[in-house]
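Below, subunit A partners subunit B and then partners subunit C, in two separate complexes.
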Partner chain A sequence: MSTNQWLATGNFNTAYQQEQRNFLTHLDRSIFSIFLILLYVWIPLMDLSNKYMLVVDNILIAIVAVMGLNLVTGFAGLISIGHAAFVGIGAYTVASFCQVIGDRHIIITHFWPVMIVISGFVGAAFGAVVGLPALRLKHLYLAIATLSFQMIFQWVINFMSFFNQGQTIFVGRVFWFTGKVGRKDHYMFWYFVILTIVVILGFGIRNLLKTKYGRCLVAVRDNDRAADAMGMNPGLTKVYAFALAGFFAGVAGALHAYVYRGVGFESFTLHESVGYLAMAIVGGLGTLNGSFWGPTALKYLDLQVEHLSEVAGQYLPSTMNLSTAMKPFTFGLVIVLFLMFEPRGIANWWRIAKSYTKLWPFRY
Partner chain B sequence: MKTKTTLLFNALLVLAVVFAFSASAWAGKVYKIGFSGAITGPTSDAGNPLSKGIEDWFKYVNDTKMLGDDKIEYIIRDDQYKTDVTKRNFEEYLDEGIVFYLNYSTGSTLGLKRDFEEEEMPVAPSSYHEGNLVDSNYIFIPVATYSENVVALAEYVKNNHKGAGNPKVAMFIHPSAFGRGPLEDTKKAVEAGLAIDIVEVVEHGKDLDNSAMLKRLMSKGVQYVICHTVQSPVATMLKDAKRLGVQAASFGEAGKLTFLGAHYTGGSDLIALAPGACEGFLWTCSYNLTSEGNAKAKKQLDLAKKYGRDDKAANSHNYAAGILQAQIPTMAIIAAQKAGMEVNPENLYKMLQKMSGDKAFDSFATVGPVSYSNIDRIGVDLVNIYEVKGEQFKAISSIESEFMKKVRARMK
Partner chain C sequence: MTQLTISDVTLSFGGLKALSKVNMTIEPGLITSVIGPNGAGKTSLLNCISGFYHPTRGDIFYKEKPLTHASPHQVSNMGIARAFQNLELFSGLSVLDNLLLARHQNLKYSFWHAILFFGKASRIEAENRAYVEDVIDFMELEPYRKSLVGNLSYGVQKKVEVARALTLAPDILLLDEPMAGMNLEEKEDIVRFVMDIQKERGITVVLVEHDLGVVMDISDRIYVLDFGEVIGSGTPKEVAQNPKVIEAYIGEE
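Now for the complex of A and B:
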């Protein structure tokens, strides 16, 4: 080992464990720590309005969901077109509790961390069940199976009176050690909660990928027969990939229910599923940091297009329909451009940027 | 000399500053009102002309100095029929300091109900869903609810049916809570004594052909089809009925089907979608239509002309709905001004609660007066029944649903 632990240059790993570290240099660790601290302090310092706090919360929720999708589609190579339905399972788990015990029950308002975990496990259970066809199906056929789950989910929610036929089911305000989280602090409070969950789950995925279970996911994606020949269990791997994705989606759904203080069917449609898939592609399939880039980029783009079409609408009142075209157009265009010119997503730009600094201070 | 010039200059400067500050005080107050609705995306065929109605009315209020020196600053945002976006828009409006909020869809109105309660923000939605009034105090529905429209149609059928026994009715509804809510209220009206037989309930899908369904209804002896959905499925059904020759030539013709529909099923868009096939279609609506050619209609057309709207928007009952939605806070502001009260959400809420009797207002957009009280949060109770005659909707009757009152009384 080199004596200088701050730079990658000159450091050679001599043991397998050294390669498995989360941070290869002190510099990596320091930059990450500073970045994390900044994430926790910038919101109180910036004093964002509720509107933008909601946007930020929404991005973080999408990150949780896309991390799950990246596990199943990016790392395990199993296409899922029904991810919004899994998110919906999580949200409707909270909603079901609200329907049965009341939305202001102590379990909903005080034991919300437990509710979030339960929602995750319910999502995982559904994920495992939906993952069963993956034992026999591949590629497009598996995609259709997940699409079917999306359709079944939509139908059940829309028709069952227990789920209010898709209309909003309210979720009560939560309590923290300081008391009830009121309207003023609502989005700020959930920002810290979701950010903490993102950090925990992010490290969870990073560490999972270093275990044999994580490596199984990648091996099955690359060639499931070869993986089988090497003693792995592709069937089990596929099922737990779906279960893990379902867990992440379930957590995201529960967070959605709490942030919006209600659950309505329209947040979990096929359109949303396609949106999650687009986020994963734009961010970079099969990369952890892609799960952060994709939702941030697309949600930000969405907001900016909305502003742009609004400004254009002010100058051209008769073209109020401009945003009808602009939003889907930009969304579609971004996906096509990424697929054509950067199929590895924004994560690849990050990789290139990092590789420049890896050899510093040497040029080559 | 130099000192005198400097003094004069300074005095003028001070005067200018004082004048500038007082001028802004004399300029009157600005009241912010926000609207979030589906200007694009699903249901924008209704939301787009509606938003134009809102915009034009507020422009008119400011241009004609209806509030004296005070002005309304209206903020219109497109939510594309997504409750998430509506919530974001509402949060933004709260940050902006709105005094009144205009909402659009049923889903978002129900979804934000708790927020309205917490913020004590008076709201006029474009959704006339009966459920908006449950567990809420701040939602003021502009006109008769969807349930009132559907039950009124059922009452009309009962009162005008000429055959023996109860009229046999099929309900053709939207596959959502929007469609099912009024159906449930109609069933409750039947339980309360409304003598009709609901033979079948059809939750339509995206069928391009309704022949099988129409033949099935005929085989079951159905004579009346009451629709509560949007225009396009009704247009498809009417065209199929005409092709099959099962459309009644006059109301209640034996052995044929008479079609009726509530609020979003009719209007000029239906005629455009099913030209020649909607003759005799009966439709309930609380808005005055421009096809009536009366003085009220002229005012609506004049407003649209003043702000350069095309014929389609000008003649749309959704444009009228937008006008009324904007008139509600305007009248509340005027009432607050007259009472010498500060214009804020709290006082506008109080003013709306007193908007009954001689304080009710007549709108050129509606068929009846708009009134609210502390126990009544539905503006116009009256609905007109229109019939398509010569490719135009013409009023044939007005009705205020009696059975809906009974249903509400039972629910209490």
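Now for the complex of A and C:
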């Protein structure tokens, strides 16, 4: 029987392995491929200024971090309000290397992919340690435990001279096959690097969620008693969830250190942690694509608010700094509105849009 | 050979004795029922076996291996599955995923295989998916395969609960009131499944149930609990004539 592989209608799986595919139809796969190619192509074509390139890079870094947060908070249901601290762990891993071996050492500048992976694993190790209270604590109490980790992190950074007491530690410019990545290409170069990392990690999560290592997270969230009775070790699973989130945060932190070419403590405060949580909620907790929507939406909103307050600021006395007032206000408003009207986040809109197109061209 | 031995199990919460010196033997391949009035300690007993509680005194042996201090996931790995009285399903997942979760310990591939998802992980997932399909077929859950468990009706959820325990491929199945809150038709369905589980799959069933009619009809052996003590045991006929049991259920004149 020849079937049309481009549409979902009329096609039936005949083997269980067909169910495991990432893309059910050729159409899905093509749309995704074109979208991915566009992502790689549009930046050189647009020729954005460095200011906007930094925003785009920032969005991608936040996506990496929020993917991790979504695993621990969205899928495993363990609220973590110390995620910026884990990102900080990753960034300060790079910074520590810079302090010890110098910020222009060959390991920092030439072997930066290795540094990024190392930062990920350091983040994972810290994540596992911070996850240990999850063996005993639940819900709000666990959130407080992660909050305390955030506080400990900030204090340690601020008071240790090794970390320059929170002042910026410089990270050298990296080298690519074409030579040193200069000031002009810096943000462009990192855009491609981070985008590639996001794609790899995204597929990693996608695969993980199809297997027992992903399902056990959801099981622990929905009912850890039953998960225990079904042969999963809930304690181990929770620690594993935190380690996984720590890995993503560590990678995001290392990328942050390289993109900003420096590490300072103010990028990893409680405020940032709440920001990541907000991105996860706006994007949609417990969904993979939510991790992409959330950071994009909130960072874009940030940019627009800045524009707006710039325009509005011309009509106001110069003593009033509208931008600093508007940012937290809109940020808070968006979160409240999302919690009230769309607690499942932007990912839910995506789901609805997709279910409309699924049966196309038939109505039902 | 006795499959499960419960010897002198005492469980106390502070001053309250939920179980006192309970002795039981569960024979392989039979349906053993535990009955008793509300608060008699039936569910506590199941919790002790499945590892959620640990007996204050006494021991539980499974094929001569002690599981007194084992945790629930260790117990289920040994081959004792449990269906809960109050539904404890993963309500945010589909029926299929609920059952696949019960295959957790049988999915033997590494984390790195899972991330890359080719070869081994894919093959083992497909194998276990086939096993789950077998259980879905057995429990007649085909219409609900992909629907979210939270959206299903109570009767179907109960069936999913039993199916999930069955997916663990256990030697002993502990069923905690699988028929509570169901209508006659649904009850008949579950009874049929319980008997099929025992006869076709050769699984030992331990049944906790309030419906005496069902219990008397299908059990091979019955234990009667009252206030945490075993007040009678034997075949349904013996138990029905036991004066202590009659007293506990109907009261003295």
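Operating definition for what follows: the second predicted complex is superposed on the first by the 357 of 364 C-alpha atoms of A that agree within 3 Å, B and C clash if a C-alpha of one lies under 4 Å from a C-alpha of the other, contacts with A are read in each partner's own complex, and residues count from 1 in each chain.
We take it that a contact is a pair of C-beta atoms (placed from the backbone, for glycine too) under 8 Å apart; a residue touches a chain by one contact, two chains touch by 3 or more.
Just so you know, these numbers come straight off a predicted model, no measurement behind them.
S.K.: Based on the superposed arrangement, let me know which partner A:V55 touches: subunit B (first), subunit C (second), both, or neither?
M.R.: The answer is first: A:V55 touches subunit B but not subunit C.
S.K.: What is the contact status of A:S291 with respect to subunit B (first) and subunit C (second): first, second, both, or neither?
M.R.: neither
S.K.: Return first, second, both or neither, reflecting whether A:N70 touches subunit B, subunit C, both chains, or no partner chain.
M.R.: neither
S.K.: Does subunit B (first) or subunit C (second) touch A:S267, or do both, or does neither?
M.R.: The answer is first: A:S267 touches subunit B but not subunit C.
S.K.: Is A:T146 touching anything from subunit B or subunit C once the two structures are fitted on A? First, second, both or neither.
M.R.: neither
S.K.: Just checking: does A:A219 make contact with subunit B only, subunit C only, both, or neither of them? Give me first, second, both or neither.
M.R.: A:A219 sits against subunit C, while subunit B stays out of touch.
S.K.: Which stretch or stretches of subunit A touch subunit B in the complex?
M.R.: Interface residues on the subunit A side: 49-51, 54-55, 58, 158, 164-168, 170, 183, 260-262, 264, 266-267, 306, 309-310, 320-321, 323-324, 327.
S.K.: Looking at the complex, which residues from subunit B come into contact with subunit A?
M.R.: 39-41, 44, 48, 51-52, 77-78, 80-84, 87-89, 91-92, 94-95, 106-107, 110-111, 113-115, 118-119, 131, 175-177, 180
S.K.: Given the complex with subunit C, which residues does subunit A contribute to the contact?
M.R.: These residues of subunit A touch subunit C: 15-17, 19-20, 204, 207-208, 210-216, 218-219, 221-223, 225-234, 286.
S.K.: Contact residues on subunit C for subunit A in the complex?
M.R.: Contact set of subunit C toward subunit A: 50-52, 71-73, 76-77, 81-82, 84, 88-93, 97, 100-105, 107, 109, 111, 114-117, 121-123, 125-126, 129-130, 133, 164, 168.
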